[in-house]
Each structure stands twice: as C-alpha cells, then as structure tokens.
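By written order: A, B, C, D, E and F. Residues from 1 in each chain.
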C-alpha cells in the first residue's frame, strides 16, 4: 500500500514538475503578467481589457507569448529590452500608440528620460530624420503627461 | 609691442578654442573616428574607402555627423546604442549589410552574443517572425565568421 | 451597292467588336464600377468624387485599372481578394483610411466579421503585434459604425 | 487508506485535466506541428532544426504560438490564411525566404497556382509594381522547383 | 443610297475617333511603349517578355497603365519623374532590381550620373544612412556596367 | 619684431581660413539656414524652436548636416530635391507631418502645384494606391491652407 502511495506521489510530482518546467505553460503567464506590470506601471489588466470585446485571444498571446515567453527571458535586462523596442518602433514609424506605450514602459523599467531621447535621436541616422522627429513628438507627449520637464532631461 | 603680441596670441588661442569647442568641427570628426574604430574593430578607413569612388562625402557625413555628432554622445553607452541599432535594422528588414555590420559592431562594443540574439528574437514580437528569422540568419553569418560557437552562446 | 453596304456594316461591327473585346477599354471601366459598387456598398461615385478637385485621373485609374483590370479578374473570388488586401494593409501599417475601407469592403463582399478579425490577428505573426493591434482598432471602428456586436463575432 | 488513494487519484486527474484543458500547453504544440506539417509538406522538423544552433526557442515559439495558437484557429480555413500571408509578405517586400516558404505553403494547403499569382498581382494595386514584380520572381522560383508549368497556370 | 453610305461612313469615323480619343485604350499603350523605350533604352519588349510565362497581364498593366497612363503624363518631365522614382525606391529599400532599372532609366532619360547620386545621397536625411548606402551600391553596379567612371561623376 | 607679428598674423589667418574653408563648420550652418529659409518660407527659427525643449541638438543637426551639408549641395537644384523628398515621403507613407512640410517646401522652392501632384500620383505605380491617396490628402490640406484652387492646378 505504501508503495502504491509512493508511486502515486511520485507521479503527481512528476506531472507538476513537467508542467512547471515546460516552457509556455503556467509560468509564462505569470511571468508575462509580472513583466507587463512593470512596463505598464500596474495597468496591465486595464489595457488588455480593451481587447476583450473584439479579440480576447490577442490579450492572452500578449501576456503568455510576447511578455511571458519573450520579453521576460533572462538573457537581457528589461531596460535594454525597452530601449530596443523604442528604437524599433521609432524606426518603423507606423505604430504611434505602441511607441508611446513603450516610451512609458522604458521609464517604468528604470530608463532615464535622456536615455530614451538618445535612442530616438539616434534613429535619425538609421531611419531618417522624419522617423526621429515623430518619435520625439511621441516622447514629448508621454513626458508632458508625466510631468517630466526640461530640467529633468539634463540630469 | 609685447602688448600687441599678447593680444595676437590671445586672439589665436581664442579662435582655436572656439573652433575646437564648437560642436560639429574638428572634435566631432575625431570623436566619430574613435567611435567608428570601436564599432568596426579598427577597419574604419578600409570601410569608408569603399565609398570614395562614388560618394566620398557620405563617408565624411558618416564619420562627422552619424558617429561624431550622434552615436558618440555621452547620454547613452555604446553597448546600448548598438543593441538599439540592431533592433531597428532587424525590424526594418531591408538593410542586411548594415545589420551584419552592427551585429559585429555590437560584439566589438562589448555586447555578449546572447544579448544580441535576445534583441533579434524580441523583434518577433514587434516586427513579426520573418524579420526576426532574417535577423537570426545575419547573426549566424557574423558569429560563424568570428568563430562564435553554440557553446559561447550559453555563457 | 448592297455589297458596299454589307462591307461597311461588317467594318463597323469589326471595329466595335475589337473595341469591346480589347482589354482595358469600355469593359474594364464597367467591370471596375461593378466591383467597386460591391466593395463600397454602392458609394463608389461619392468616394471617387472626393478626388475630383485635385486628381480626377486617380479616380479613373482606380476604377479602370485597379478594380476593372486587377481586382475584377476571375481567377480569385472577391472575398479572398478583400481578405488579402486587409492582410497587406494591416501588415504595412501605414494606410489606416484604406484599411478601414477594405474592412468594410470585405464585409460587403460577404466575409464574416470573424474571418476579418482572424486575418488581422494572424498578422501579429508576420508583421508584429503593433501592426495587429492597430488593425484591430480599425476593425473595431468599422464594426461599431455598422452595429456589429460581440455577439455577432461568436457566430 | 482508500480515501487517501482516491484523494491522490483525484489530485492527479485534476492536474492533468488542468494542463490539457489550458490553452497554450500540450494541445497547441500538437496543433502547431500538425498545421506546420501541412504548410511545409512534412518538412517541419527539418526546417526548425536550422534554428537549433542559434535560437532554439524561436522554433518553439513558431510551433506553439505562431502555428499552434494563431494559424491553427478554426475561424478561417488554412487556404485563406496562406493567401493572406502571401499578400502580406509580398506587400512588405522585405522577407523573400519567408515569402517563398509561404508560396509553397499555400500550394501545400490546397491553393491553385493561379490563386497565388492573383494575390501577388493584386499587390501591384496596394503596394506598388516593384513589390508585385518581386513577388512574382519568388513565385516563379517556387513553381519551377515544383515543376509547375505555364500549362498548369491556365487550369 | 449615298446618304446611307455617308451615314455609315460617319458612324465608322465616329466610333474610331471615340476609341482613339478615349483615355485608356490604344493611345495609352503606344504612349506607354514609347516612354518605356526611353527608360529601358529600347529593351522594353525583352524585359516584359520575362513576365509572359507567369503573369503576362502584368506586362500589359505596366505598359498601358503604369507608363501609358501615369509616367507619360505631360505635367512633369521624364527626368524629374525618374529622379522621383529613384528617390522613392532608395527610401523604401526593398526593391533592388527595380532601383537598378530606374537608375539606368534615369540615365537614359537624360539625368547626369551626379544628379542620380545626389538624390540617393539625399535619402540619408529622409530614410537613413543604410537606405542611402544600399542605393549607392545599386548605382555603383549600374554605373560600372555602363562604364561610367569617377571622372564622369565630376562633370 | 615685425617678423614675429607677421608670422602670428599669418597663423591667425591660416587658422581662420582653415576653419571657414572646412566642410562641416561655419559655412554649413549658414548654408543650412539659407536653404531652410527657402523651404520653410522664412519660418526656420520658429520650426526649430519646437525642438528646443526636448532635443535641441536635432535642430542643430537638421540645420548643419541635413540642410547645410546635404540639401544645399550644388549638384542638383532645390526644386528637384524637394520633388524627390515628396516622392520618398509619399512612398514611405509613415511621416505625414514631414510630407506636408515638404509639399509646402516644394512650393516655396518654385515647384508648380501640378508638378507636386504628378509626383504624388506617380507613387501609385511604385508604392501603391493607398500611399498615393494619402499623399494627395496631405497635398489637399497644404493647398487649401495656401488658397491654391482647382483653377491654379490647370495652369
């Protein structure tokens, strides 16, 4: 009897371990939410709820895949990741709402306002001045909304 | 007479100081070459020489403006700048030679191979899987050329 | 005399037949208007009139070439064509007014709202989440304007 | 003792049920592989193996997320999905290897060669003639590799 | 009887006149071929023939619409049109074969090599240095093929 | 003593000459402002001032590099340069504020309204109808603001 119990206990532990250790299951949702909470400053649920009327699965994919699987990976710190995202969205120049979100996200992840501006200015070299100028407009809006002043930028 | 000489000497010094202190002149060329030498691993002259047949001014702009004025700015370290450039060029997906140069440049600036891969993989989220897959192909070529192995990537 | 008349009549018929049978003339305008009337739900003239002040030829090209020559071709049904257009404009991410027009056009061509959403969501894979999210915003606006509700989406 | 066994058995069943019922775990991997096998004509493992040296996680994301979560969804048939992908990649014009894969994938999913050509030709309207011409070059290569001839195109 | 003949003759003339005077029929094909012959340096048929295996209609659209309706319009000279096309294709950065064709086309239309280089260099400002550098590579290839030397560039 | 003075004077003159003759210093700023004043119709300072709160260096780069080094170059007239910029920004389709600025700039540089429209319409061929239609919307706004009427367009 004890053998049977031990067998069952081992089985349970095995299943649980497999599940938790497997990439893409419970952990990645929790990791995704945790990472999103840093980036959004805690607004994650509120933002994902805007998708529930029309495409709730996209919210799941954003949490589990985009932030749980990808952005939460340990190989690069979140500050560098957010700067890379700001760089890419500035260069693409066709996703203003997401660029604003990630300028805010970069601030929430601990980037200094000047670091964000440096990345956006640098895009003038790699994607042209129009892309950089429109990125700066997005940054100005986000900074104004947060009360970040010219004085803060020189720090 | 000595007064006149002193006046002239002061004038000379003033002019020289103004020139050197002014943004966009001698300093930015030197700064640009220094930054480019880090990114190219010392190949700067060789690379810019490829432009002299057809558009030598572009080489001057790259040195003085792109790397002297922009990429050398103190507000962000060169590692973060190169990662931002790799992110942007992976997302744009239309500049393979420059993407390869900057993957190499990121390595030369001190980025770990895994950090570069993380940025390129992250672009699957923001610019789609094709952009990310083509970025990985570029990285594989650069890593192979440098003898970076799978073993190095797990470090 | 009757011979001459018959000859002339044959000539006339020949010319008319040539004209009507030739690709790119009368037929393609009629075909273009017919296809556009399906896509716009009958608003074609109204929409093309917005171009008459500044570039009336563009309206002719849209009718005769874009919809008469291309989109009216028999090799693919209009529903698949509109879904392909929604896919392309979502992926490009830089033509919001046209994306909205073609989300409406896809509905008018007989696509179900869910089919349109599936295409837009799928673009997260091939063009990144920002492109997909902005496509969903466009769809939400069009659906709201038409009174398409969450209940309709589950059908 | 029997109570304890029943409790353990219930627990095991509960965990297993939770795991299998949860979106994003075992099912989506199997679904992804099944969908990929249709698109690649059975080459899935071979193709994903090309990523194992440098970024094995990308292969997991492609299987589980891109094809398991997204492309396998029931709301739109695979033929329409592949045509939408061909449209998007032709319009973007910066992902030739993936465009070729999906032209082949569209054939494998049951699209007729002419349907694929119609989508690529239609992109001349929405993304310009250069994008369409380069899409046709990609199609020619794929068709030639498969022995699809001009005669097949008129069917 | 003569009256009837005259009536028929008038009718024939009327139909013919309508057809020839109408935009989008015989004239635009002839205009398109004439403009294409300038741009291609006489190779038009050869180049369009490359499309006949797979999408012959695209060749018709290019001749009748793209060059007959659009590029042949009198409001702007062909030199300015070709420079505008070189600018656009350099900036988009995803259509190298067409960029090369139009660099050659600009030369054939009477642009000086330096004018073409100036446009490509200028794109560094509006689309970034990578786009400009890749445009210069395309120009170098075309110039080399035509035996245009550095000496010719200073003229 | 006089020798020493002459030597010093020569040195001063040498330094000043070197500075002024060197590309990238005082001249390019003056040239940039002069070119910008033509393009903006005299508003240069006003426009650059919008950047002083957040990224004043970008204003310096625009003046000294973009317009002083690049757009002021003698190898191509300003009218052709502005038409090339309108072409590129219409084709990219992701920089509406800058497209409007350069439609105005093209007018200020001496382009006729019809020439600008021809370039934008031509982009339907190279970048698709959506890009061209959105370019026409931008032109309509600029023309309306300047009181350019349909009557002016037929001139």
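Methods note: a contact is a pair of C-beta atoms (placed from the backbone, for glycine too) under 8 Å apart; a residue touches a chain by one contact, two chains touch by 3 or more.
What you are looking at is a predicted structure, and each value in this text was computed from that prediction instead of being measured.
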Next item on the list: Could you tell me which chains make contact with subunit D and subunit F both?
Entry: A, B, C, E
Check: At the interface of subunit B with subunit E, does the proportion of residue numbers present on both copies reach over half, so same, or stay under half, so different?
Finding: different
Notebook entry, point to check: How big is the gap, in whole Å, between where the Cα atoms of subunit A centre and where those of subunit D centre?
Noted result: 26
Item checked: Centre-of-Cα separation between subunit F and subunit A, whole angstrom -> 37
Checklist line | Touching two or more other chains - residues of subunit F | finding: 57, 61, 65-66, 70, 73, 89, 91-94, 98, 117, 121, 123-127, 129-131
Notebook entry, point to check: With chains as vertices joined when they touch, what's the shape: line, ring, star, complete or other?
Noted result: complete
Next item on the list: Flag every residue of subunit B that touches subunit A in the complex, lowest number first.
Entry: 65-66, 70-71, 73, 75-76, 80-81, 83-92, 98, 114-115, 117-119, 121-127
Note to self: Applying the document's contact rule, which stretches of subunit E touch subunit B when the two form their complex?
What the structure shows: 92-94, 117, 120-121, 124, 129-134, 136-137, 139-140, 143, 150, 153
Next item on the list: Would you mind writing out the residues of subunit C in touch with subunit E in their complex?
Entry: 1, 4-5, 8-9, 11-12, 15-16, 19, 22-25, 28-29, 57, 60-61, 64-65, 69-70, 73
Notebook entry, point to check: Of all residues in subunit F, which touch subunit D in the complex?
Noted result: 91, 123-131
Margin query: Help me check something: in the complex, which residues belonging to subunit E touch subunit D?
Written below: 51, 53-55, 57-58, 61-62, 66, 89, 92-95, 97-98
